[in-house]
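In the two complexes that follow, subunit A is the common piece, with subunit B as its partner first and subunit C second.
Moving on to the complex of A and B:
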């Protein structure tokens, strides 16, 4: 038992600090991806409901592709494919040296693209749930389309979308475990490396399980707090 | 217009001369490795890379008077990352196979180790012919020469491929596999440690040059011929002057430049 604790200790003898560094990368990657993925997802959702056939077409193609591709493939496409594209463009302009996309950014873009595709469906559902009468009412009051969205639709949107988006967040948190293939040392990367050296798979995979669970339990708590806040105008009649 | 042209010409000249200088003198090399293949290369509890390849290549770098930095990259994607210039050299226990030579160039071989089958203790026959292993579950790490070897000769066996060697070993231990094939050195670690109670060596295989290639070498991009020749020369010298043996003896009990 003491030996196992030593393996998890901080410093040069134990893997505690490495695992913590990995967990920090996991959570910061997920947090950095979230706003960009959700905002992009909302844009795709608005395109889905646009009048223009072309915009609707683009949105459909986008969600079809990025919901269909395995996340690992998307990651490869962004990290390797996009990198080659950037280098070719860089060289075509005759610029000296080279432009490098850091693995963290590549991971953010790839996971963000996938998150956008999945969350756009949640946004569409939320947008559909807001009754037509509200838009007509806003129109009657003389609000422009932009104002209607900003002041009438958006504030209500979060309340409806939150449970679905919470799901998307949980999935994103787990998908970050794929990023070690692009040389980003996340929690799974360090867990695997520690296991290879110490031959204690149950200890390290067990600890990784606990850390992932800790992340998801605390985000579940955060999410229900958010849900309460966004629903505060709706609590009435014995339902709190 | 004329001025614009002149600016362009100057920029082009500068870029050209920079490229020329780079070709003449290599002063810095970025090396990619897996960091999950002890005792060749692995990450330790300090969060640092260690192993034969780390010590050996660092010794070569010191001799060549170049600055070497390391990157740990998962095995899948280790060649694409080289091709997209995330680093310049792969030193990760990689066998110089013909299949890989289509995409990268290899230096002189610096390691050639036996390849073996291991199995559960209940296996008594040393026979590892494809006929004897028909219908058995055999595991190996995917995208390796061992996987290719199984796919060529053991078509009638049940082949299971894993992302890392560790997972194949674990599945042999818990009984999902009957045999595991890999580099003898890597397996020795398992058989004398974690797999002491469950597993044992069965036999070494006969190398198939078409699959196994000449041995382990460093990989570089095809266009980097100067770098390749520089590394090859350093490897040859290190084998002659005993540097290779000195480093190898620190990490291995048997010769890693056999046959």
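Moving on to the complex of A and C:
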């Protein structure tokens, strides 16, 4: 038992500091992906509701592809695809040496593309839930299309979209574990390394699971607090 | 030339032609994994939901803990925990006669996938059962039905109709998540594709795999939609 605790301690002998560093990367990757994925998802959602048939078609194809592909496959495609693409352009310009794709950026792009596809569904649902009268009212007040979106639609959108976006966040948090396969030293990567060195797989993967669980449970608590805060003007909904 | 070499031949991509057979075999393994885990997971998940709703409180809390764990941690970590962690308990597993099971990557993956999807499906079933109106219970009781047939013949059929759509989603999610099996040495579609890429360094194998996954997922989605419309047709009648 003491030996196991020693393995989890800080410093040279233990893996505690490595695991913490990995967990920090996991969290930062998820946080870095979130704004980009959500914003892009909102753009896709607006395209879904556009008048142009072409824009709608593009949005549908986009969501069909990125919702249907395994996240692992998307990650490999982005990582290797961009890697090869960058090196080809690098060579085409006749530049010396080679430029490598940072794993963090590849992970961020891949997870962001997937998050955009899934969150766009949530955004579409939220946009549909805002009644027509809101737009008509804004129009009657003489607000431009842009102003209507910024000051009337968007503030109401978050409240409706929040539960769905919260789910997206929880999924994203767990999906980050996949980036360990492109050698990004996240939590999963370090536990794998610790397993190879110490031959204590159950301990380390168990600890990794518990850390992910901690993230999920605290996210869930944070999200419900956020939901309460966002719907504080809507006590009439029944549940507080 | 075998049938599985034709797609690559038609596309004019050597790598897809060379590894086509491996990839289609991999696709078979993927489908096998998904069918086994989602099928067994449905039975287990339904049992968990019933225990959670009607069982004694302490057991209900254990079920909640189970679903929280499996829904709150990444599938990849779970698979590694079972596959690598199982090896650590080899003597115990050997005496129990379970070692042949946990030694095999396929069984480990199928086992973990089953536990994982059961947790998600338990939540689906729980919500569906709870969505059945209380009046249905009361009416059935008033007719003198006993608890067991009441649940089986009145509540469950109505709950299953509500559960159809989320269950279809879960099936699609498992098809996608099963790609994780390639990380514990299995040559499912993803594993075969990784092998093909490592040897040929031709990115088009990944695009071919993507097309196959999309084909499967879209087929499931459409067939499921049709099945759902057919099964609930008496509700849509206007």
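Keep in mind that, in the parts below, the second predicted complex is superposed on the first by the 228 of 240 C-alpha atoms of A that agree within 3 Å, B and C clash if a C-alpha of one lies under 4 Å from a C-alpha of the other, contacts with A are read in each partner's own complex, and residues count from 1 in each chain.
In the analysis below, a residue touches a chain if its C-beta (ideal position, glycine included) is under 8 Å from a C-beta of that chain, and two chains touch if they have at least 3 such contacts.
The model shown is predicted, which means the values in this text are computed figures rather than measured ones.
Taken together in the superposed arrangement on subunit A, subunit B and subunit C clash.
In the superposed model, A:192 makes contact with both subunit B and subunit C.
Of the two partner chains, subunit C is the only one that A:175 touches; subunit B does not reach it.
In the superposed model, A:225 makes contact with neither subunit B nor subunit C. Looking at the shared chain after the overlay, A:61 reaches neither subunit B nor subunit C. Of the two partner chains placed by superposition, A:31 touches none, neither subunit B nor subunit C. Contact with subunit C, but none with subunit B, is seen for A:217 once the two complexes are overlaid on the shared chain.
In the superposition on chain A, A:17 makes contact with subunit B only, not with subunit C.
Legend: residue contacts after superposition of the two complexes on their common chain; A:94 is shown touching subunit B, with no touch to subunit C.
Applying the stated contact rule after C-alpha superposition, one finds that A:141 touches neither subunit B nor subunit C. Listed for subunit C are the stretches 3-11, 111-119, 183-191 or 219-227, of which 183-191 clashes with subunit B, judged after superposition on chain A. Taken together, the two complexes place residues 76, 80, 84, 180-181, 192, 195, 199, 201 of subunit A in contact with subunit B and also with subunit C.
Contact residues on subunit B toward subunit A in their complex (touch as defined above): 8, 11-12, 14-15, 18, 35-38, 42-47, 71-74, 76-77, 80-81, 83-86, 164, 166, 170, 193-194.
Here subunit C touches subunit A in the complex through residues 68-69, 71-78, 80-81, 84-85, 87-89, 172, 175-180, 182-183, 190, 193-194, 197, 203, 206-207, 209-210, 213-214, 217-218, going by the rule given at the top. Contacts from subunit A toward subunit B in the complex involve residues 7, 12-15, 17-18, 21, 76, 79-80, 83-84, 87, 94-96, 98, 100, 180-183, 185, 189-190, 192-197, 199, 201.
Of all the residues in subunit A, the ones that touch subunit C in their complex are 64-65, 67-73, 76-77, 80-81, 84, 170, 174-178, 180-181, 188, 191-192, 195, 199-202, 205-206, 208-209, 212-213, 216-217.
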